[in-house]
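In order of appearance the chains are A, B, C, D, E and F, and numbering begins at 1 in each one.
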Amino acid sequence: MSAPDPVFSHLDAQGAARMVDVGHKPHQARAATAVGELVCQPATIAQLRARALPKGDVLAAARLAGILAAKRTDELIPLCHGLPLDSVAVDFEVRDDRVALTATARTTARTGVEMEALVAVTIAGLTLYDMMKAVDKTMVLGAVRVTAKTKT
Amino acid sequence: MSAPDPVFSHLDAQGAARMVDVGHKPHQARAATAVGELVCQPATIAQLRARALPKGDVLAAARLAGILAAKRTDELIPLCHGLPLDSVAVDFEVRDDRVALTATARTTARTGVEMEALVAVTIAGLTLYDMMKAVDKTMVLGAVRVTAKTKT
Amino acid sequence: MSAPDPVFSHLDAQGAARMVDVGHKPHQARAATAVGELVCQPATIAQLRARALPKGDVLAAARLAGILAAKRTDELIPLCHGLPLDSVAVDFEVRDDRVALTATARTTARTGVEMEALVAVTIAGLTLYDMMKAVDKTMVLGAVRVTAKTKT
Amino acid sequence: MSAPDPVFSHLDAQGAARMVDVGHKPHQARAATAVGELVCQPATIAQLRARALPKGDVLAAARLAGILAAKRTDELIPLCHGLPLDSVAVDFEVRDDRVALTATARTTARTGVEMEALVAVTIAGLTLYDMMKAVDKTMVLGAVRVTAKTKT
Amino acid sequence: MSAPDPVFSHLDAQGAARMVDVGHKPHQARAATAVGELVCQPATIAQLRARALPKGDVLAAARLAGILAAKRTDELIPLCHGLPLDSVAVDFEVRDDRVALTATARTTARTGVEMEALVAVTIAGLTLYDMMKAVDKTMVLGAVRVTAKTKT
Amino acid sequence: MSAPDPVFSHLDAQGAARMVDVGHKPHQARAATAVGELVCQPATIAQLRARALPKGDVLAAARLAGILAAKRTDELIPLCHGLPLDSVAVDFEVRDDRVALTATARTTARTGVEMEALVAVTIAGLTLYDMMKAVDKTMVLGAVRVTAKTKT
């Protein structure tokens, strides 16, 4: 089962969407890491560093929103399986013109968690966007992708 | 109230997160459009065009996931207000190396809907990602931003 | 606006699903009533009458499940608008071979509430089904339809 | 544990509702299939076939709504256990005067999935109802029942 | 409508639960404040002050959890109406042997928001409990009550 | 793993919130019981006994709300893990000046269920509060705490 079928696995022979049956797959420890970045004006970053970082609520809000959303991935992405997440972590690196985001999700389940990591990164990024949008109309969320996926 | 205060409006004087009080703002017709793109391998796009598009379920799934998520924006983005959305539309343009996404949300409310449009774009994009990830490990979701915001 | 367009209003000219824009419609007091029935073995009804009705928890559970689901109709039915419900009521008539269900939803909004009434009836009916399925494998939920819809 | 107790298992000795304790039951592969039908005017079916089916969004929307709702069965049906679904599939047969719906859910868990299959059928049916209600006020959702339940 | 009927307004004449019909009530600006306290060991408070407060994530997590839960009050409390909240704020006072919590919710709607304020206080309190339970098994959440309710 | 680390386990070395990784913990049968009380006017209790108890809907509503909320604990408490609950039970003792609440949650999982029991008690208590608030403005929810936690 390690090599995925090179077709759209969520479509049946008639092209209809379905949840792929994972009942025959073994429970394995799985992890995935996703990253992304919210590109901002340098003045926005300066304000984030000066005003928000000491108090922590801006990044804490984004971190928690990402964690909470990861746990609800199967409600948001229609064909995702519900998974008991062993852990989720969301981290930020505040650079001069952007905030880099990283999320890692772990589970012991029959299918992987890259969607959970991607959901965590995007919702954390949009939460930052929401909190900073009054001061910066130019922000762009991008470079959202999976950087690691393991199964042991 | 048309000029937003050039500070992080979601933080109080002590830096604590809060939902901004919008009780004094008028109900106005508001709209916002957000865009993004899911960059793929050309072979993935070829397969999307050949196999999935005739049946429609792939793009339909992404569209519906974006619409459903937009309606739950206030559950995902912690400081967003709940809004009765008048409409949400999600559209796709399938190009040779990417799928361009556009979402427009409309409301008649005391506050704007750019977050709803952004949530629709990102969740629609991640739903595409989920359905195509078995054939393409290189996809990147990016260029997510607001392109229009109106109030009348 | 009283005569609906005789086409599938949730599809745009390209056949894509969308939430219909209701922003131009007036806020009006609207109500809808839906009914349905859960057909059971007479022995099941006898047991419901003898054992469950004095305590009330079976019908109370179904009633509350219907009310709660009605409030989440827009999360369940993808193109439904979120609505502030003024009231929801779910009633039961326990007959010799079935339980008849009636739900009425009311709102003051730009669009109607028949879907809310239908969701209340079906989820209330399935909750009854769940509580009685250990004693009756033959139950059928049917005759689910809208019996009244008003706008004033 | 294979023969269910012939009483309402969700009520305790005092008649109070409870989640049945399934902690002692083994994890087993379980499946359930439920069916139902949405009876429509033949003209509605004609329009569904002519206008909506080529694009797919109508049936795709109903299918996805059913899958998504199945995953949230334990939020809708108060005494249902949360289950990790291995798969959910929803299929339609468009007949001359009705749409027949079939849903199959699978899990590997301590308790069965007939409620998940029933929720998928009813919410898929109501989503069809919602999309076609502008052209047909006579639709009835009925004959919703479980047709197969397995445990291996 | 200012004097509530001195009976259980959520029960009809037969004792069945219902959502009270608020369709005839005017939209008014409404606010409610609720308080509560999480009583802890002084050593727990010392650790909260020394380790967690500089970073902010503990109180920020509790604050955001309370705000998010307040927005979902109608999903948690079965007979509550869905309300568009104008604002929610959750504040903490860290005393030597307890954390005092205060939440204020505001809306412009047909019914009040004391349940939203109470939900914010209790879920914020339980979130603190969750984060501190590894170091203190004696915590008690109490004195949860409404301290102010206004309508203008 | 039986002795928890005497620090705030939900904070990493930098003070950032995280879901604790439980992937290395064994699946064990776990249970937790929490209690609380809603203190009321004696006249409120008299009315509860006279009018509501025979019909059951008041306590049934609170019981079901508590059970439903327990199943969503990981959506409400940001750093809680999602757990498949084997059972949840909520019980009431109606005393002359208060309603005493008890909730017990059971799971077979890698982490405990005291938060689920606490959520059940508090949401059940607030549901009672909601149903009785028209007749009693003095109610206080308190003494919410864990009374038992087992792992076998």
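To be clear about the criterion, contacts are C-beta pairs under 8 Å (C-beta built on N, C-alpha and C of every residue); 3 or more make two chains touch, one makes a residue touch a chain.
Fair warning: this is a prediction, and the values are worked out from it, not measured in the lab.
In summary, the pair subunit A and subunit E forms a contact in which both copies contribute largely the same residue numbers, shared numbers making up over half of all those used. Over half of the residue-numbered contact pairs of D-F are shared by just one pair in A-B, B-E or C-F, which is B-E. In terms of C-beta pairs in contact, B-C outnumbers the other of B-C and B-D.
Centres computed as Cα averages put subunit A at a distance of 36 Å from subunit C. Computed centre separation for the pair subunit A/subunit F is 30 angstrom, with centres defined by C-alpha atoms.
With touch defined as above, residues shared between interfaces to two or more other chains in subunit E number as follows: 15-17, 55-57, 60-61, 63-65, 68, 78-79, 82, 84. All chain pairs in contact, by the document's touch criterion: A-B, A-D, A-E, A-F, B-C, B-D, B-E, C-D, C-E, C-F, D-F, E-F. Subunit D contributes residues 29, 56, 59-60, 63-64, 67-68, 71-72, 82, 84-89, 91, 106-108 to its touches with subunit A in the complex. Subunit C makes touch with subunit F in their complex at residues 55-57, 60-61, 63-65, 68.
Listed in rising order, the residues of subunit A touching subunit D in the complex are 12, 15-23, 74-75, 78-79, 81-84, 109-110. Of all the residues in subunit B, the ones that touch subunit A in their complex are 4-11, 14-17, 36, 47-48, 51-52, 54-58, 60-61, 64-65, 68-69, 76-80, 114-115, 118-119, 122-123, 126-127, 129-135, 137-146.
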